[in-house]
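Next, two complexes with subunit A in common: one pairs it with subunit B, the other with subunit C.
Then we have the complex of A and B:
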């Protein structure tokens, strides 16, 4: 032990924290931790409240889960017999998403390869800004474009009686989901170490050979995640498909058929469904279905990316 | 002829092996094709914007912005919608910015590298992926009905706030992560607490980056339609043109995005230029706000001292 009196007196006392500083620190840390978990709380709350409103339909008089998934007869307001068959809506979502991804995935990955491997720095920054701008366009503006610009164009080119079709919606949704595919793909390509590229160059590979033989395999998981996130975006898109795909509840047989998606059905009918009616509750159940689909897709994308990181 | 050419490379020291004409040709084709793909993605933006402005030109004027719609929305301006969007955006900003910034502070400054942090990050990603119409259902179920707020600007702002939370969290996290760890260590060494360090050292150095996120949030919230459709936006509400304090937070309001939807799908015989002009105002606002955010980021990068 050191004898206190032997030590020289310090010139100034070491400042001590005031009591309320320590207490305040604890309070602020608690608040920060609370906000930190807010995302988890909200995700659960979304599922809980949407399911809470929709759960009543499961025991409803006219609703059966089997019919919901297998019947194409969607007659929620029929006088004679109410039927809730959502197969046509699921098919509509599938058709629009499928077509959109058939366009957006190759184009998005192609653009990402061009931006990250082929173009010079002077072109790179403006292109990235434009992609960001493309992502910023509100979905209702896209829907308006589908309605008033694409509609007559499609009627002209294909001689279709109406241009509000799966094709129209698919193109619009493709343009909407391209930015996220480009940016995630570009990240994936950037994550491939430069030593891979240098080694390939040393072996005499051209850029295209590097892209195909080196980068594509190395960035495979990241590119897959980009495609998955694009799918999630396309499935959840509401206003654009509501305005651009027409309003036909039927199984689409080709790109020039009108269709209706799950999201558009909720947006179109919720306003007219009486509060707490069976119809209203079934629309919430569709919301639960949509939430589950996008949750699964996002989870899969996250797991795929994590696979990259842990390797 | 087996050409031994120098491959365009970053490091000149590497000499090429044999590059055949075929592989060089494929290289050129691939480059051209990829360029075309990129162009096909970029051109629509320019064409669409140009077309929208061209069609909207006859209706665009200051009067259009400052007057109320007339004759069943077939004439007049968009003031109530413009003001409503402003209220909704400010409301959602007031709610989501503090929560989002503190959540990002938690993720970047407090959370360790463990399963719980991964779970939080996963929740943020999933929250960003929830379809906008599901947010609308949530807003209706939780705020309008369960909390009893009723359809109002407040309920719609809350819904928008939760929807845009991931934007703020992601960008703030990035801004905080860009502040070097040495800054924090120096501050701890002179006896500052964790929060004092964050408040006086980390945040001032990250504030511009955080601002870009907030601006992005504005652009996101201004453009959304589905989440406000059933939580607070109405087809029509009569307020005096040019009156800034026309709405009460518990009122319902019009919104630009909703207004565009209404006049382009629900109201027959609207003169063509009016929906185009509404679309241009909405698009112009969102793109201008975005450009501001991007400009700020570019400026920030040029200012970076460490």
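Then we have the complex of A and C:
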């Protein structure tokens, strides 16, 4: 068939295509289009499903929106008085994410600056690969490290009565979100034109001055997006925080206090909540809350990145 | 599930090896195995596993596949008809029985298969030996005022005076049983306990945490933890969680363990449950650290 095409066609000057070639083209195009659109469909389908399952809770007998956001009393299976106060869970997610980002953002951006600006080409590629390998470690393995390695270490170092704490979960989640922060920050730094660096060197700037005064401001949006995507990763993390934070319903008073996150609560309780019960629906409502948080964070990151591109 | 999976793996490996060498001889396929799906109580998972392993020797044509997840999970699976036998460390609730009737058209049949004594665990270095229901309720119950070991008259090393409460996730049969028996009807747990996902996890965390207290099946005891003697009230004799004390009803936190089937069991399932009730099956109950049924019921 290919030979036919290559051969000169005496009848018409234009090379003729077989019918199925053009038809095949159309089919492939349709398939690719479908792949592209499917992501949108999935996101909306998932949101619709989670919201539909959760919406029933709003009219539940024991549920009140005010209690959900302002009370720490989480008693989904109480015999005397069922209460669905998620404040402690929200605070737990906030505390673990906050601590994780306080560790991961400086560490991740620092690593990206080193990889992109300071290290030689021989070290650069292996380092990138190894950082990305951090992302390949399964979440449950991180949780296991938190439970069996970090727990005694934290008890030893800080003299805490128990090592399953916000600090433990925060460190674990920080390590898990470092790869995404490093790779996006590094892309952002790489996107700064070399002319900026050359100009700075010509002006006699030291390497540190270049990083601090030229690259950081120029790559600001990309670095911010990296941090935000790290936040999204940290908020959504489930298994590792379930194992490492102690899973205790309380407002954490410090890094050495146990906590419980929104994600861990769903993971721990959904399996045994009777189908379509109020407890089940409230867990889905927590899912809606989580979805909204990560959606907002990812959207913000996306808008920030777009800000970079449009310049 | 482990031995079964291993067996299938071996079979698969053997098959692969067979295909590779291209052995010419024809091999008759193994006789079809009857599979009994057995899911439920996390407390009973070790016991159910031990039964399944032993039963594989008794009746090689039947394989019992065991998984945990909690009493609620097992019962839910039974209602949905995805398991043959559900293990439960609590009785089925009336609404669950109703759901099973509605969903499967059959009434669940309950089998008492043994007892479990719920032990109160502390770290092995903890000097405390006895505890009363009242003290446990003050430690674990909502509004309870015991938060320090010194309140129990126990001197702990510096920094470990806070009582670290280890509990279970709020749907576990163990959680329900402890709440009803020790805290009293209607009383809730104090918030802020470390809620573990399994019986074994409770014991493991207590073994690593000097200031911790936890409750879990007595079958999960390890040399790293100490089981407290429990008294029903202040001034009463405290009893250790042993088989004898549980059978004599002197140990106050012992509960029945059940197996449930949808309707009257038949065939392989009936044979399996009969075997569980037999002398051989009940010997495994004792060997796994649980309390067997009294002799007359066998």
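As a convention for this text, the second predicted complex is superposed on the first by the 284 of 311 C-alpha atoms of A that agree within 3 Å, B and C clash if a C-alpha of one lies under 4 Å from a C-alpha of the other, contacts with A are read in each partner's own complex, and residues count from 1 in each chain.
Please note the rule applied: contacts are C-beta pairs under 8 Å (C-beta built on N, C-alpha and C of every residue); 3 or more make two chains touch, one makes a residue touch a chain.
Worth saying up front: this structure is predicted, and the values here are computed from it rather than measured.
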{"item": "Partner chain(s) touched by A:271 [first = subunit B, second = subunit C, both, neither]", "value": "both"}
{"item": "Partner chain(s) touched by A:114 [first = subunit B, second = subunit C, both, neither]", "value": "first"}
{"item": "Which superposed partner A:246 touches (first subunit B, second subunit C, both, neither)", "value": "second"}
{"item": "Touching partner for A:238 - first (subunit B), second (subunit C), both, neither", "value": "first"}
{"item": "Contacts of A:89 with subunit B and subunit C, given as first, second, both or neither", "value": "neither"}
{"item": "Partner chain(s) touched by A:188 [first = subunit B, second = subunit C, both, neither]", "value": "neither"}
{"item": "Partner chain(s) touched by A:225 [first = subunit B, second = subunit C, both, neither]", "value": "neither"}
{"item": "On subunit A, the residue positions that both subunit B and subunit C contact, one per complex", "value": "271"}
{"item": "Contact set on subunit A toward subunit B in their complex", "value": "15, 17, 21-22, 24-25, 28-29, 31-33, 35-40, 42-43, 45-46, 49-50, 52-53, 106-108, 110-111, 113-115, 118-119, 127, 129-134, 136-141, 143-145, 147-149, 175, 178, 182, 194, 197-198, 201-209, 211, 229, 232-233, 235-239, 243, 263, 266-267, 270-271, 283-284, 287, 290-291, 294-295, 297-299, 301-302"}
{"item": "Touching residues on subunit C, where the partner in the complex is subunit A", "value": "69-70, 72-73, 76, 159-160, 162, 164, 169-172, 175-176, 179-180, 185-188, 191-197, 205, 208-212"}
{"item": "Sites on subunit B touched by subunit A in the complex", "value": "7-11, 14, 16-19, 23-24, 26-27, 30-31, 33-35, 37-38, 40-42, 44-45, 48, 51-52, 98-100, 102-103, 105-107, 110-111, 119-120, 122-127, 129-138, 140-142, 145-146, 162, 165-166, 169, 191, 193-195, 219-220, 222-226, 229-230, 257-258, 260-261, 264-265, 275-276, 279, 282-283, 286-287, 290-291, 294"}
{"item": "Parts of subunit A lying in touch with subunit C, wherever the complex brings them together", "value": "72-81, 88, 151-152, 155, 159-162, 164, 242, 246-250, 258, 260, 268-269, 271-275"}
